[in-house]
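Take a look at the structures below.
Below, chain A partners chain B and then partners chain C, in two separate complexes.
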Partner chain A sequence: MSATTVTPATRCASGWDRFWAVALRVPGIRTWGPFAVLLVIWIAVAVSHVVPAAFFTDPLTVWNTFVSLIERGILPAYLGDSLVRLLVGSAFGLVIGIAFGFLVGLNRHVRKFFWPLLLFFQAIGDIAWLPILVIWFGFSITSVTIVIVYTVMFPLIISIVSAIDGMPQNLLRAAGSLGAGRWSQLLYVVVPGTLPGVSSGIRTGLGYGLRALIAAEMIIGTSGIGFMMFDARGQGDVAKVFVGMIVLGVLWYLVDALILAPFEKETVERWGMVEGVGR
Partner chain B sequence: MRERATRLAWFVSPFLVLIAVWAITIPAANVSPRVFPSIGGVWDTFVEMLLDGSLLANTGASLLRVVIGAAIAILLGVPFGILMGMSKAVAGFFEPLLRFSVALAGIAWIPIATLAFGYGEGAVVFIVFNAVFFAIVYQTLLGVRQIPVSLLRAARSLGAGRLRMFFEIYLPGAMPAIAVGARTGMGFAWRGLIAAEIIATSLGLGYTLFLARQYYETDVIILVMIVIGVLWLIMDRLVLVPIERRTIQRWGGRQGVDE
Partner chain C sequence: MSGTLKIDHLSQSYVDPYSKETMTAVGDVDFSIPEGQFVSLIGPSGCGKTTVLNIVAGFIQPTGGQVVVDDRTIESPGPDRGVVFQDFALFPWMTVEANIAFGLKMRGVPKSERRTRARQMAELVGLGGFEQKFPHELSGGMRQRAGVARVLATEPSIMLMDEPFASIDAQTRRVLQQEVLRIWSTQKPTVLFVTHDVEEAIFMSDRVVVLGNRPSTVQADITVDLPRPRTWKDVQSAPEFLRLRGQLLAMLGVEDQDQVEQAELDERSAEAEREGASGRELP
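What follows is the complex of A and B.
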């Protein structure tokens, strides 16, 4: 792709766009710029006291709370608990989701039977399972893990199925008429063609898995970041809630930057339908 | 007509199989009602809660919260997503922030929302809004990026101004993605709603669900879970899927998710 050549679209861009284009070329701005802007707004709002202090605080207090939580070892321990739960839950969720997604997407009979059930059980939603899971397994890791597996699985299955449906039929016809058999069509056409869908499914699945984890920790509440935030809310400790949200955001950002984004880049740019030119 | 009946039959039959399995295994394995209820138990609870009006009151409260939260989110999210997607630079600048927010949207806001709005209506509506808003903005952004470049160039070279580009190119072009975003966003708002209701209110399906857990009333739990599932299916099949199918047929180049 010739992303660097001057296209008619870039030539007629307005001055504002040109400003952005130049500003973004400065190293660091692309990554940290939005957060710097956010931080400045945060400080401005905190200093001006527009928002009641009951649910808002300034960056310095949050930083001090963060440091003291680390010194007392609370944050590392809770973060570790949350991470282990998320890892175990998503690992099971991914394996089941990918296997089931391709099965439902590719086989007409499996799809006919399971699609309504899938829609229904997806509709019930992860958190609604929590009360009955608590009755079955108590306030335990098992309940939390099952909820995460459940959450990660469904977005993945559904986006794999829609990726298979969204594949241009001509690709399959072309492969078929060039003599590809069923298996080589699956291996060389369907799998690469659905990888962008798989990667976006993993993104949604993990994103919502993280949320289900937080909700489960708030409700079941023995340890973890979600528990810390909800506990702090009870004590009216706003700074601790903010620390929790920021830690969750940074955690997601790391997962995104180190795992999801590279995978997506590989798949979407190589096999996806997004044109990267002239915008 | 006949084709519709066949499709309905195919849609219903998996559930009939599931109900049959339920009807056979629970008495056969002699499961205690404190672990899993029988079909008869759930039906009795259904009739009882319907007659004393508690089922309708709780369902109505939950639905109202979803409708208000989602409506605000769609009205704000679609223009926001398109405006961001229109400029590659702006989209690139805000994408990290958006990713950050997507991870935090919904449930992680419950502590702050309850501090800001107190336990009650406001906090729950805010959580629903939050969940739908970010899904819509993100999908709209992706949708705008997927509009064929040649289409943009054609419209621009034919002299379309910013306003016309917005309403005649970007909005219709992003429509299929917006519909998809609305559908996923609503799906997750529905979950966020349940979580928020468990934590923050004294009325609604989520609250009923968690109250029943305290007394080991599995019949109420299963009934409410079925209500939650059925309500979502109705919303999904009768509102969201038709919208998605229409937009994809009209503006998108591909078939819908389910035939």
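What follows is the complex of A and C.
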């Protein structure tokens, strides 16, 4: 009896499975399908007016706002400002974070000294530094940069240290018994061996960095996407806020698709050290 | 090529990280291997056979005694003692060719020569055509072929093998045992071969050294009088092989190999736990 009730259900499920298997093979559906669903829900909510118009708006209005912000040159200028800040902050953050991560990870004495300090300062999250930074450096690019550097650094350091600790000991032993000295071991074994950790640290670090940038721009900014959004909030311009949110999402999507994912595909995925992120 | 190995009254104690007691794994292990001899080290699980190999490799320092290679006391790992690991320990980011050539690169051999020799070694171990593959694209058996090739590419006078076939399926294992003997015979380095497989120890070796329970000492040192080259087809029915197998299994106090396997599995996990808890060295 139970067998007869199960059969139609399984047939139905396998039909769905086949549908998805075919649908997901089309690249356009795979990438844009989820967004199309989101768009439909958005339109439905906007058209139904369950949320008052003062709090919510429809895709067309957002699109028109987007076009006008570009035509007036506001969005390109603000986006440019944000990108420069992100780039400068991330570059310093990556350099300092990677160097410091390896130093703390590899040297026992450095680690003993810095580990408690790292844990302490990690707790003082990015924007918690803003009040004191504003007192020291004013509403300046320096303050924003420091916040980004600070944010990018910590996840990077911590994931590099754990990648070094998690490296199979036999790889270092093998290198040593093949005649590799300390520096050769560092260059040919530790650096590539910790690449999965480094790349996931960069991913996390940059993600946090972008968020910190937007938060900093909202609080102390005079330009930038974060400033634009917070400014629009003051004017009650919901569409402009939405534009800012969408730009941020697209920006991260591009960073992932154009930089992070191809890098991982060529290195750690090719070497079979990690599975593709989110794939 | 020399390669005489003298294991001189080794002992190894450690402090248990949980109970804080001092445990003695290796009591007093003392034996020598003349140049070019293939010697297996077997013993009950937990007797410290791998510890002895790690000391010979220079990975860990003994609490007492010393290891002497050609009149020189061992203090650190070195290319004169190539190591083949149970988990292969191939570099995942290097192709098979780059893995095999790594030791030559460390020695400063020019690139074109490295490439030629790596290709020759790949051919010798039966990996011809797989030079540009990454380790994760190979089967376990092929990975260990690469592991052996990587060691022999530098022509070490001593090769240390730590249960090299333990994580390879039973059928491939027999093929690989014959293959490794064939490859070994081309260079004839001195070999210290750690295993818990009695049949494997007899098949591979000129001598089998048996360690006792911890704190371990050498319980027996048995010469294997079987002609080379050996194949499983000939060896498995040879009276000498059967006699030695019975003798060694009795020494280990078990009826058959299965009991050894189970005890070994239990011990491996305990050992891994200890190593993890006692910290690790970094370059």
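To be clear about the criterion, the second predicted complex is superposed on the first by the 246 of 279 C-alpha atoms of A that agree within 3 Å, B and C clash if a C-alpha of one lies under 4 Å from a C-alpha of the other, contacts with A are read in each partner's own complex, and residues count from 1 in each chain.
As a convention for this text, a contact is a pair of C-beta atoms (placed from the backbone, for glycine too) under 8 Å apart; a residue touches a chain by one contact, two chains touch by 3 or more.
Because the structure is a prediction, the values reported are computed rather than measured.
A.B. asks: Going by the contact rule set out at the top, does A:F92 touch chain B (first), chain C (second), both, or neither?
C.D. replies: In the superposition, A:F92 touches no partner, neither chain B nor chain C.
A.B. asks: Between chain B and chain C, which makes contact with more of the residues in chain A?
C.D. replies: B
A.B. asks: Kindly classify A:A215 by the partners it touches after superposition: chain B alone (first), chain C alone (second), both, or neither?
C.D. replies: first
A.B. asks: For A:W63, using the defined touch cut-off, is the partner it touches chain B, chain C, both, or neither? Pick first, second, both or neither.
C.D. replies: In the superposition, A:W63 touches no partner, neither chain B nor chain C.
A.B. asks: Name the contact category of A:L195: first (chain B only), second (chain C only), both, or neither.
C.D. replies: A:L195: touches chain C, not chain B.
A.B. asks: Check the residue A:P116 against both partner chains and state whether it touches chain B (first), chain C (second), both, or neither.
C.D. replies: first
A.B. asks: According to the stated criteria, A:F263 is in contact with first (chain B), second (chain C), both, or neither; which is it?
C.D. replies: The answer is neither, since A:F263 touches no partner chain.
A.B. asks: For chain A, which residues lie in the overlap of the chain B contacts and the chain C contacts?
C.D. replies: Touching chain B and chain C on chain A: residues 168, 273.
A.B. asks: Any idea which chain B residues touch chain A in the complex?
C.D. replies: 10-15, 18, 34-35, 87-90, 92-94, 96-97, 99-100, 102-112, 114-116, 145-146, 148-149, 152-153, 156-157, 184, 187-188, 190-192, 194-195, 198-199, 206, 209-210, 212-213, 216, 218, 221-222, 224-225, 228-233, 236-237, 254-258
A.B. asks: Using the touch definition up top, name the residues of chain A that touch chain C in the complex.
C.D. replies: Interface residues on the chain A side: 106, 108, 164, 168-182, 184-186, 188-190, 192-193, 195, 267, 270-273.
A.B. asks: Touching chain A in the complex: which residues of chain C?
C.D. replies: For chain C paired with chain A, touching residues are 57-59, 76-79, 81-83, 85, 87, 89-93, 102-103, 106-107, 134-137, 150-151, 154, 275, 280-283.
A.B. asks: Inside the complex, what are the residues of chain A that reach chain B?
C.D. replies: Touching chain B: residues 7-9, 12, 16-17, 20-21, 23-24, 30-31, 33-35, 38, 54-55, 112-117, 119-132, 134-136, 155, 158, 161-162, 165-166, 168, 204, 207-208, 210-212, 214-215, 218-219, 226, 229-230, 232-233, 236, 238, 241, 244-245, 248-249, 252-253, 256, 273-275, 277-279 of chain A.
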